[in-house]
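Note that the chains take the letters A, B, C and D in the order they are written out, and that residue 1 is the start of every chain.
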Amino acid sequence: MPIPAPNLYPPFNIVRLSHVELVVTDLAKSRAFYVDTLGLQVTDETADTIWLRAMEERGHHCIVLKKGDTASARDLSFKVFDDDCLDRAEKFFSDKGLPVDWVERPYQSRTFRTRDPHGIPLEFYARMDRLPPIHQKYELYRGVKPLRIDHFNCFSPNVDESVAFYNELGFRVTEYTEDEDSGHLWAAWCHRKGGVHDMAFTNGTGPRLHHTAFWVPTPLNIIDLLDLMATTGWVSNIERGPGRHGISNAFFLYIRDPDGHRIEIYCSDYQTVDPDLEPIKWDLKDPQRQTLWGAPAPKSWFEEGSVFEGAEVRPSLLKAQPIVAP
Amino acid sequence: MPIPAPNLYPPFNIVRLSHVELVVTDLAKSRAFYVDTLGLQVTDETADTIWLRAMEERGHHCIVLKKGDTASARDLSFKVFDDDCLDRAEKFFSDKGLPVDWVERPYQSRTFRTRDPHGIPLEFYARMDRLPPIHQKYELYRGVKPLRIDHFNCFSPNVDESVAFYNELGFRVTEYTEDEDSGHLWAAWCHRKGGVHDMAFTNGTGPRLHHTAFWVPTPLNIIDLLDLMATTGWVSNIERGPGRHGISNAFFLYIRDPDGHRIEIYCSDYQTVDPDLEPIKWDLKDPQRQTLWGAPAPKSWFEEGSVFEGAEVRPSLLKAQPIVAP
Amino acid sequence: MPIPAPNLYPPFNIVRLSHVELVVTDLAKSRAFYVDTLGLQVTDETADTIWLRAMEERGHHCIVLKKGDTASARDLSFKVFDDDCLDRAEKFFSDKGLPVDWVERPYQSRTFRTRDPHGIPLEFYARMDRLPPIHQKYELYRGVKPLRIDHFNCFSPNVDESVAFYNELGFRVTEYTEDEDSGHLWAAWCHRKGGVHDMAFTNGTGPRLHHTAFWVPTPLNIIDLLDLMATTGWVSNIERGPGRHGISNAFFLYIRDPDGHRIEIYCSDYQTVDPDLEPIKWDLKDPQRQTLWGAPAPKSWFEEGSVFEGAEVRPSLLKAQPIVAP
Amino acid sequence: MPIPAPNLYPPFNIVRLSHVELVVTDLAKSRAFYVDTLGLQVTDETADTIWLRAMEERGHHCIVLKKGDTASARDLSFKVFDDDCLDRAEKFFSDKGLPVDWVERPYQSRTFRTRDPHGIPLEFYARMDRLPPIHQKYELYRGVKPLRIDHFNCFSPNVDESVAFYNELGFRVTEYTEDEDSGHLWAAWCHRKGGVHDMAFTNGTGPRLHHTAFWVPTPLNIIDLLDLMATTGWVSNIERGPGRHGISNAFFLYIRDPDGHRIEIYCSDYQTVDPDLEPIKWDLKDPQRQTLWGAPAPKSWFEEGSVFEGAEVRPSLLKAQPIVAP
């Protein structure tokens, strides 16, 4: 099953991933992680919610932490080009028989929620409150110096289906992993904004949120974060890396927040704006696929993820296994 | 004269800047500069022409060096989204009374040349030959490790007019410099591909090509290039920097090729895909505009540039002066 | 006048430069500079004194800020190997007819003050209070992440004489600048601890303290400091750089504290422990001597310095001039 | 068994580690590794020998590759301060009943070989041929940009004994690992030249050479090397890292040459010239001891090493085990 031809004329224009809401069980602990350690900036906070943005973002939030009894992930949010796109998006999802609920979201104008065919909760809006730039307020930079949200990665029980659906939405595949034996997709990276991905899918029990990634200036900022986490009580929250991905060629680190939500710190992928960009194919058994330098990911990386609120998970259809660290 | 509202629905879709052809007087010397020193990759060469690409590019060329008797710049080339865009582009320029010549370009499919209202030669095409990826062939990386062409910057005799025209083409202004006294634009940075710019204009005798910029991984690669140039006979080709721009927040270095064509090495600007991104305004007299750290640019930087073949230059209308190094 | 042969068997063993006391006119402002901006750690402070150390130092202080009415520099302090060295040092200076005053210094054991033949106040001690390591307390790292004091540089009215004296003390010349015309030394770099220098001399009205340098991890930390200073009100305190020195091959930045005391941020020189290390000679007129990349230093760099308390300054004997920025 | 008090007045003055001779089975393959991949510079080569130096070294060689049938390590060589030290060294070893053989070594003046009490072959000399500096010939920098040899690390069957002996030679312990249960040393780092170590010992079957380390400018050079090795056929020669050591606070990578000789790439430790520097103690069971970020070393790292020619190995007395990767 080859990857589909890119849909260059999608029904509406998704500009980029925008933000995610994570349910966390201890807001103070999460604040210590996201604000004091990673260095995200608080743009608002109440008794049960913290809104955060990264250093070069002017939109009000890229991550929303919500106090709850059980950790989970809520909507993955995307910004569309204009209000007309929003209406066309609504029609698209309705026509597919997917639920469309217009919701109130602080700091956002018209917003609706829906779900993808596997049940991933999605949110779409065109305009969010804009804040003054802080990217040159260097006294505010802390931790890993996060510049912007970069992408979501989700476990999918059927990556072929996920790619087909997001392809229809105009996401273009930049790289993918095929299981040679079955010919099925094992993973895929799909973009809207001109980087390697806004959204990726990994074969596994799902739908679940595998991770949310933030872009940082250089690999040295990732080393700084490792040194900081290792000496401020977060050493066991370091899960995988640092390393260079084979796929995407990006430099990465995976860490876990206090509830186990996985965060990737990421930099140095490449520009993908050409409509005729050829996707790069990787073999599931290629040991340099995950990490160019050869180190396999640990078991937890393949098995653990954040459940989406209200989404039923099911095992993946494809049973092929990647190389896992012993 | 404020900057115009962005034209979010332009007549055709320019994806990004693509490449430039530079006339050079000594091909071997230019090869020593662009290939041996900067580290660009030769994709083809003949007795009088060298085609080059940067490390993450899959298109055949981002710069074409052409042997000639007198150094000059030829067409600034842009990639459009598809063939239909190319036809619409042709119509747009024809309707404006601007010349449209369909030309043969090696390694490119249908291509036409035109000129902007000030006489800058422009080239448009939709498809170029694609080459296998080399971004993970790390043994090929040399010099400054150039990853991709990033932008053009041109002297304009009337920046207000230039911005108005490119705005019509869908270029969106991300940052600009105003002369407070006259209210005129002194400089502007305009993008298509989601970075700070594909094209910028600087007030001055024009039209002339001020510089062509290449994106590199980190500021340390720029330091490596400085060390290399300083010890291999290129020290007097270092013109300005390194430094952090106030405008764009990018890290930069300006160097001159053997014919005086100016090349900028550039990294670390920010993502600009939001259609509602607010342009940032700078005052011409702000000393941190050019270099955040306060160092003014030298006189040569404000006065010297590459003449475009066949374009008549005229002095700039606006006489306001920036801060120049003594 | 060639540089003297190194004295490999000096009368006593100076381990390294240790610290300097600077008289500052506004302690709060100086604290904002050294602590909040550079990132030095306060080890003690009283109404009129602040003691500071850098991140990898275990000695109590590398710089002491003293409130005073007029800015000046006090003793340059050196650590000797043991108490016996201290006694031999005392004898050495006494025998030379130089003043030896045993003084009380907080946090130091037996300490004496003296002056070099030009009047530079010097301090010697063997033991200082030791503090617990903080080099792995990464949450304390701030600003430029200063790791340790690296060297002093002084204006000397007669560099030949200075070098001859410090050579007698066992300082070994690693690099030097000769005025080709007169054959006199224009500048010299002399070490004890195995780097390019603990002490350097620059031809000029003196004796005066030209600068005190701190070692940082990488050039990127210097870029971070520039970004921070440029956006927190310190932009006019940036004097020269960043750049690569021809001499020493180190990466550098010169900044001025609120009283004009010059601080160098420095990294990446080389190891010099070999007793047979050959000094490197530079010509005063070599433009790459100061900055490998060719940029000359500004006039202030050649003319301004901190007066040593109680030391009479006189013009330099040698009138030869280096290349100065226009 | 606590570490011994430092011997600050040793019988002779060892300046620093100098070089090692490695027997390799395929000289061309080893050249591809050390020269083409790491970037060491060939200073001489014959049919069966290659001499190499790193970029800032002026001595003729820091590593000598010798063609042989079986891979092994030969003498660990140290530079002494002067000829008199060499004579005193000879006397010291003779008095201990250790063998002293004066040998001819190309490019070195008077040189003798001996063995430490466990059988490690050692070489001492005072003067080696000096070569012109190349540290500012930036066109020669390649691979990981190795600047200088930094240290040896050896498996010792009895680390307490090794430390006692090298302490007598004037090596000072900077950090050490104790087995809490038995009170014995499990590992120790000992220096002469003012860094964390010239020589380290690790508990294990020995004597064997565990690794030889080279100093590089920044962690980014180590990332560059990983990218290069991963894409030029050396991916399986990457053994451990990159990471930050708990001990020494240095950034590291361990790789294996074509014969399995282990090389460490190393940077960013700290200055240790103070004679009163307090050694830092680590517990063998501290997971951050090996890698600050928590990742344990693989089994091969604890078990494999290069046999010294002519040295009988025996199991270590101490059976305590560190944390090993699963």
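By our rule, a residue touches a chain if its C-beta (ideal position, glycine included) is under 8 Å from a C-beta of that chain, and two chains touch if they have at least 3 such contacts.
Bear in mind the structure is a predicted one, so any value in this text is a computation, not a measurement.
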{"item": "Farthest chain (mean CA position) relative to chain B", "value": "D"}
{"item": "Copy pair chain B, chain C: interface residue numbering same or different (half cut)", "value": "same"}
{"item": "Magnitude of the superposing rotation for chain A and chain B (Cα, nearest 5°)", "value": "180"}
{"item": "Chain centre separation in whole Å, for chain B relative to chain A (CA means)", "value": "33"}
{"item": "Mean-CA-position distance for chain C and chain B (Å)", "value": "44"}
{"item": "Chain A and chain C, separation of their C-alpha mean positions in angstrom", "value": "49"}
{"item": "Contacts with two or more other chains, residues of chain C listed in rising order", "value": "136, 218-220, 227, 230-231, 292"}
{"item": "Touching residues on chain D, where the partner in the complex is chain B", "value": "136-139, 218, 220, 224, 227-228, 230-232"}
{"item": "Of all residues in chain A, those that touch chain D in their complex", "value": "218-220, 223, 226-227, 229-231, 235-236, 238, 242, 244, 251, 287-288, 292-294, 325-326"}
{"item": "Interface residues, chain A side, partner chain B - complex", "value": "8, 15-16, 56, 58-59, 79, 81-82, 127, 130, 133, 135-136, 147-148, 193-194, 217-220, 246, 249, 268, 270-271, 273-278, 280, 292"}
